[in-house]
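In what comes next, chain A is part of two complexes: it sits with chain B in the first one and with chain C in the second one.
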Partner chain A sequence: MVAPLVAVKRVVDSSSEVVLTDDAQAVDGRFAGFTMSAHEECAVELAVRLGESRVVTLGDADAVEQLRAALAVGCTAATHLVADPQTFGPADVARELAGVVREHGHDLVLLGNDAADSGDFQVGIRLAYELGWPVVNGAQTVTVEDGPDGPTATVHVSGPDGHETYRLPLPAVVTVLEGGVEPRYPTVPGRMKAKKVPIEEREPAAPPAGTGRVRLLLPPPTPSDVQVLGKGAEAAPAVVDLFERLGVIAR
Partner chain B sequence: MIVVLVETDLSGAAVEVSRETVAFARSLAEAGGGVPIDAVVVGEPSAGLAEQLAAYGVRDVHALTGEAFDAFSGAAWAAGVLGVRAAKNAVVVMAAGTPRGNEVMAHVAARAGVAMAANVLSFSGLSPFTVTRQVVGGAALEEMELGQRPAVFTVAGHAVEATPAPTPGVGNVVVERPVVDPADLVARVVSTEEPEPDLSGSLKSAKVVVGAGRGAGSADGFADLLELTELLDGSLGVSRVVTSLGWRPHHEQVGQTGSRISPDLYIPCGISGAIQHWAGCSSAKAILAINTDAEAPMVTKATYAVIGDLHEVVPAINAEIRRRRAG
Partner chain C sequence: MATVPASAKVVVIGAGIVGNSLVHHLARLGWRDIVQIDKGPLPNPGGSTGHASNFIFPVDHSREITDLTLDSVRQYQEMGVFTQSGGFEIARTPERMEELRRRMSSARAWGIESELVDPAFVKEKVPFIEEDQFIGAFWTPSVGVVDSLRAGTIMRERALEAGALTVVPNAEVVGLDVEDVPSGRRIRRVRTDGGDIETEYVVIACGVWSPKIGDMAGISIPLTPAVHQMISVGPCPQLAEREGEISFPIVRDMDTFCYERQHGADMEVGSYAHRAILHEPEDIPSIEQAKLSPTEMPFTSDDFDPQLEQAYELMPELLGAEGAEMRYAINGLLSLTCDGNPILGESLVEGLWTAAAVWIKEGPGVGRAVAEWMVDGHSEIDVSHSDIRRFHPHQMRREHTRLRTTESFIKTYGIVHPSEQYESDRDQRLAAMHDSQVKLGAVFFETGGWERPHWYESNAPLLEEYGDAVLPREHEWDARWWSPIINAEHLRMREAGGVVDLSAFEVFDITGPGSLDAVQSTCVAQCDVPVGKVVYTPVLDGAGGFKADLTVMRLGDEHFRVVTGAAHGPADRSWFADHAGPDTVLTSRTDDIATIGLWGPRARDVLASLTSDDVSGEGFAMLTCREITVAGLPVLASRISYVGELGWELYVGVDAAAQLWDALLDAGSSSGVVPVGIGVYGTTGRIEKAYRAVGAELDAERTIVEAGMQRPKVKAADFTGREAYLAQRARLDSGEAPETVLCTMAVDDHTSASGVKRYMLGGEPILTRSGEPLTDGHGHHPYVTTAGSAPSLGKHLLMAYLPPEQARVGTELAVSYMEELYPVTVVSADATAPYDPANERMK
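Showing the complex of A and B:
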């Protein structure tokens, strides 16, 4: 039996407009929508397919929303490391996650390949070093079979040289890239059930070493001088006139 | 010294984003008063690789060889890079912000017990060493201090030009045979399926590129776009969403982790214009965006736009081209 732990992070939805706090240390949550990243939704889906899964997040009080979202699609237990995620760097998060893994005796940890806000690309790998486990990065799918020497994971990655396969004994850490599986939608009964699952609350084991962040900046806005040729199918003649003017098709 | 992990393509040449990373390393080396740059490559180097890297200012090319490097393992590659780092006491270890580059640098940083900055665009100071990098999917930038040594980071694709050095480096090949701990080979590629053919050459040199993003809707949503591509004798380029979802092959991807294109005309259809996509298409001479959302960044940054559903607009354009050709 596999006992997966899946780590998700409450992040701003970057398709909403990004506004910074006055001290430029964070995105101002008052103007933002929140979600978990697409990679993590796929990690949750893979975890749920593999077995009874615990979801964990390190975040402020509102991050319970992301834990409930994972419970609603089939995770059966949840741990909330209550802390300000902006002050916890990737090494800090990895250390805290390792504590949860040890306490609950997981043999597989799934994470996103990169968080949609901090984009550090490293918590999963650092966690593997904390635990002394192997790590596969950027997985599309993960399956586990029981063998004579214990459970073995088969991991598919869409790598630069083609579709790659890894095969390794558990325990292991796997980070997930979106695209390999379709995350399921929560059902109404799923949502109801998720509301009743008790969430384990934990204090971080140690104060954070930090992120190295000096400040956030917004990229300078680019002035627009777009010429709109029209709306819908009616614009076609104007488009083809343009093609002729630019010489991309023969007149 | 600065160590740069350089990735190579199937022909054994350094990939464009790695050459960009060496160019970035050069600007850092100059700011540091002429620090040498060494490259690390994996496997026996191809005949032209050392010469190619020398043109970019590289001093030594360390080739990691031996059975441990026959198949990819992030931990083993990191061990190899750190071996070179230790022997030369390098103060900076860097790679391109590719999947491999980010993965191996994360291993390097974890093993060395230092921080790592992913997807760096520029540096603004040496003491403390301060970099600016992409966060929040490119919607914001972060200034970050990398106070520890080695400073470990990756360079966002197409953040800098891959320009050769004014004075070439030595390009001396050093064959390394590091001893790799078996624990570093547990998570290792055991098989690779026939690689996708890399057909990105025609995309990079095309005069017209038709772009397709999530707005295409599904893997079956490309017929009209492909017809337009053919009518314009161009190439199809796509967003990462399209390749991640498996709708189109990776060699068609445009952007920071795909190709950089510079056609006379780029026609992005149903592409929002995220900064990582823009990094690959900003040097198009003209852009005609087709999008349902008049406020999409791709529309506001474009030269021309049509506001509408690509599944209506593109067939109408195709019909108009055919009509004029027939008439």
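Showing the complex of A and C:
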């Protein structure tokens, strides 16, 4: 039986205007709130479908909210690497995750394709390197079958140029791109149960090397490309033209 | 960016339920050139209306709020956006059942069909509820839900069709320009990011953002944005199989401070149980910064978890149904105020109006009332408890709003005693003799920020002396926030005398060449009297309803002093200020003059022992005032009484007030005179004399004739409300009975079914002896406006407006209290005092 570990990160939820903290080291979540990224929501969904799964995060005390959210939708255990995530670079995080994998004996690790805030695409690959396991990036779906040589994962990846299917023996690391599965919302009993699951707390194994990040800068606002096609019934021909151009309809 | 018109008659800021109702009603009443702006898009600009639960339970303990709600429901129905669902308020505890019985009183008083039902009745209508979780419920069939966004659109469209309105969404207010005029400050211009609008009137109807907009004109709109948590769970198969938005009654789980409201296939669970989560208006995100909308803040699930469990216990099969997920969860922002009432009316900046802190259930009613107020000067529904001018300076601080709403949030579904006092932000205004009062064991109640002794524990020894004459109360609820010492103080005052601290009185002087005109045009009674006369007078609004009831002293040819109650003080003062011409000066004296009342059969002896002035019956006539020296202190003495005893109100500078207080108590102690609290002054002494009080018997929906306060003549000089008042009198003279008549009743028997004697506290419905409802000429049902002990009569008295047929001495009726009937008999059908009707004791 597969024992997946799924890694999530507490990030600021999305809104049309990004607000930075006063020190420009992070995105400020006081208005939009915090969540895990859409990639990770899909990773959690895939992990839950695969079996009894553990969720892990590296973050401060508030990150427990994201662990509980994963527990509420079906993860059955949780590990909290208690640390200030701003001081941890991707290599640091990968090393700490590897410790959890070894400790709990997982054979499959699911992560988001990239972090919603730092967007560095590194942790999954670095974790695979650290563990010496194969890695597939940008997965839409993951299934696991038992074979004669042990469990084998089938991973589907969709890109602009076509579809790829990988079959690889476990253990393995897979990073998930949103869109392959529809993440579920928590149920009321799920949320109540999540509240009662004990969360394992771990100290980081080594001090972080850091991210090397100096500060965040917001891009200049993009000019609006809103075009008013007309008002009322008079707008109809322009809308039809546009739909045709976009390939929504054919004439 | 939107561009705005360069000028308007009125600019309404906000396109939520309030702003939309307002533009509709202003247009309906004939106003044109109305401009409505909102920083958000239409139809949902992102304020509290956009995420409201949109359900309406009509019964509230407040008549004003209930009337606004009923009017709103009528309007929603007329627009076709109201869906009746019925609603339950369920009780998990016996204390809550008692509160639901009290709610029945309010329902009967306001004429709303409701009944108390058992869990099986609820189960039949809400099959997915667990019956063993509660013991009973309050059922109101007329509960329903509305589409408040659609209603807003309909109302805007009506104003647009009338050619009265220009709507500009996506235009943000960046400033309000105010200019100095002879009468004060006046609004002139609204500055927006799409241009400036020159305007005569502005209405701030922007809900949680209102304080920020008010600040731009230097006015305080004391409300705070506060979080109300809400989740939506679905699809629930039990709900999905029914057509439409709602087909099951709404359940308010009163003891867990939660509600469950069907919304299509989802069940919405809302909570008022969590800690008060307050925000500053400046910290609300912009539309771009928000994830959902500015007033749908990120959900904080930890705060909600306890309520989730309780909701689950109540409806496990529904909330735990296969496939039912928590699809939506927000910390929704709504507006709270220090006293729970809306903030309506013209601010101290002329032409700058407010209509904020309004819920969906009151929105259209408020829109109509404020529009009438703006156009006609008064509204059909009296909204004086919501008047922005009610606030005292200390209440305009954000700190006060923050502390009071933090305290009151958990009381949203709470069991709140009618006399319950706030604990936070007290001691704002202390009388000069406060230290002495503390030593005397005063129990303080707050009015307008003033700490007023309600009774003195130092008078506890009197209890033994008077025995059962103090009318002790057996039931804890009846005796809560009350003491038999009040009645002992009352008896002692009637036997010997009492000294009453009245420092909280609002006192203001009107001086200057226009001062006589200012008081004459405001007051009903003749104020063109010799210097040294005291005038007791109603003050009316233009429709002939009560605005105030107060005394005026003429201190000089061009000098009048007005004295009124603390609670309504600021509103009364602004009313006079609005009526004062340019050659008049209005000066508040509240903070530099203290008032001490001295009343009782020994009052003259006590005063005479402290003064060489002539205070005899001939030397100091009733309803006169003059400066005398008391205990070496200069005092303005006024011979008047609100408790039906011989005596004076003594006005003294605050610096000398403590000294005068001590001197009076010292001089009186040998003859048995004691300090007496507001429990006597405001209730027992007053009700024995059938004196009417503003806010209880007197409000803008009542007339002098209905209150039985008409005098033989009407002065020739013009005054506000004169025409209406003359018409009311003419109808009476032609033999036509008023629609309703203020009466005093005595309770004949207090014994409840359980044998415990019960004492009504006010607000209860008056019914026939057999329990049938009564209806007056306005279509209203009688309810108790004031209830109180009458220790000198050995009775518990009730005041209520009765239909004219019942308004006869001797009529036998009943009062319903906690769903039991108690027999009552009318003892006075006009202003005649039940105690000492000939006023012999005041001579």
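In this section, the second predicted complex is superposed on the first by the 212 of 251 C-alpha atoms of A that agree within 3 Å, B and C clash if a C-alpha of one lies under 4 Å from a C-alpha of the other, contacts with A are read in each partner's own complex, and residues count from 1 in each chain.
In this section, a residue touches a chain if its C-beta (ideal position, glycine included) is under 8 Å from a C-beta of that chain, and two chains touch if they have at least 3 such contacts.
Everything numeric here is computed off the predicted structure, so don't read it as measured data.
Looking at the shared chain after the overlay, A:199 reaches neither chain B nor chain C.
In the superposed pair of complexes, A:188 makes contact with chain C only, with no contact to chain B. Once chain A of one complex is fitted onto chain A of the other, the partner contacts of A:34 are limited to chain C, with no touch recorded for chain B. When the two complexes are overlaid, the chain among chain B and chain C that reaches more residues of chain A is B. Of the two partner chains placed by the overlay, neither chain B nor chain C lies in contact with A:77. Of the two partner chains placed around the shared chain by superposition, chain B is the only one that A:178 touches, whereas chain C remains out of contact. In the superposition on chain A, contact is made by A:227 with chain B only, not with chain C. Looking at the shared chain after the overlay, A:14 reaches both chain B and chain C. The intersection of chain A residues touching chain B with those touching chain C, taken from the two complexes, comprises 14-15.
Here chain A touches chain C in the complex through residues 13-17, 19, 29-34, 65, 68-69, 184-189, 191-192, 195, going by the rule given at the top.
On the chain A side of its complex with chain B, the touching residues are 12, 14-15, 18, 20, 27, 89-91, 114, 116-122, 125-126, 128-129, 134-138, 157-169, 172, 177-179, 211-219, 222, 224, 226-237, 239-240, 242-243, 246-249.
Contact residues on chain C toward chain A in their complex (touch as defined above): 233, 283, 285-291, 297-299, 301-302, 305, 308-309, 311-312, 319-320, 324-327. Interface residues of chain B, counted against chain A in their complex, comprise 7, 10, 72, 74-75, 98-100, 102-103, 106-107, 109-111, 115-119, 130, 132-147, 154, 183, 186-196, 207-208, 231-232, 234, 244-246, 250, 264-265, 272, 275, 286, 288-289, 294, 299-309, 312-313, 315-317, 319-321, 324.
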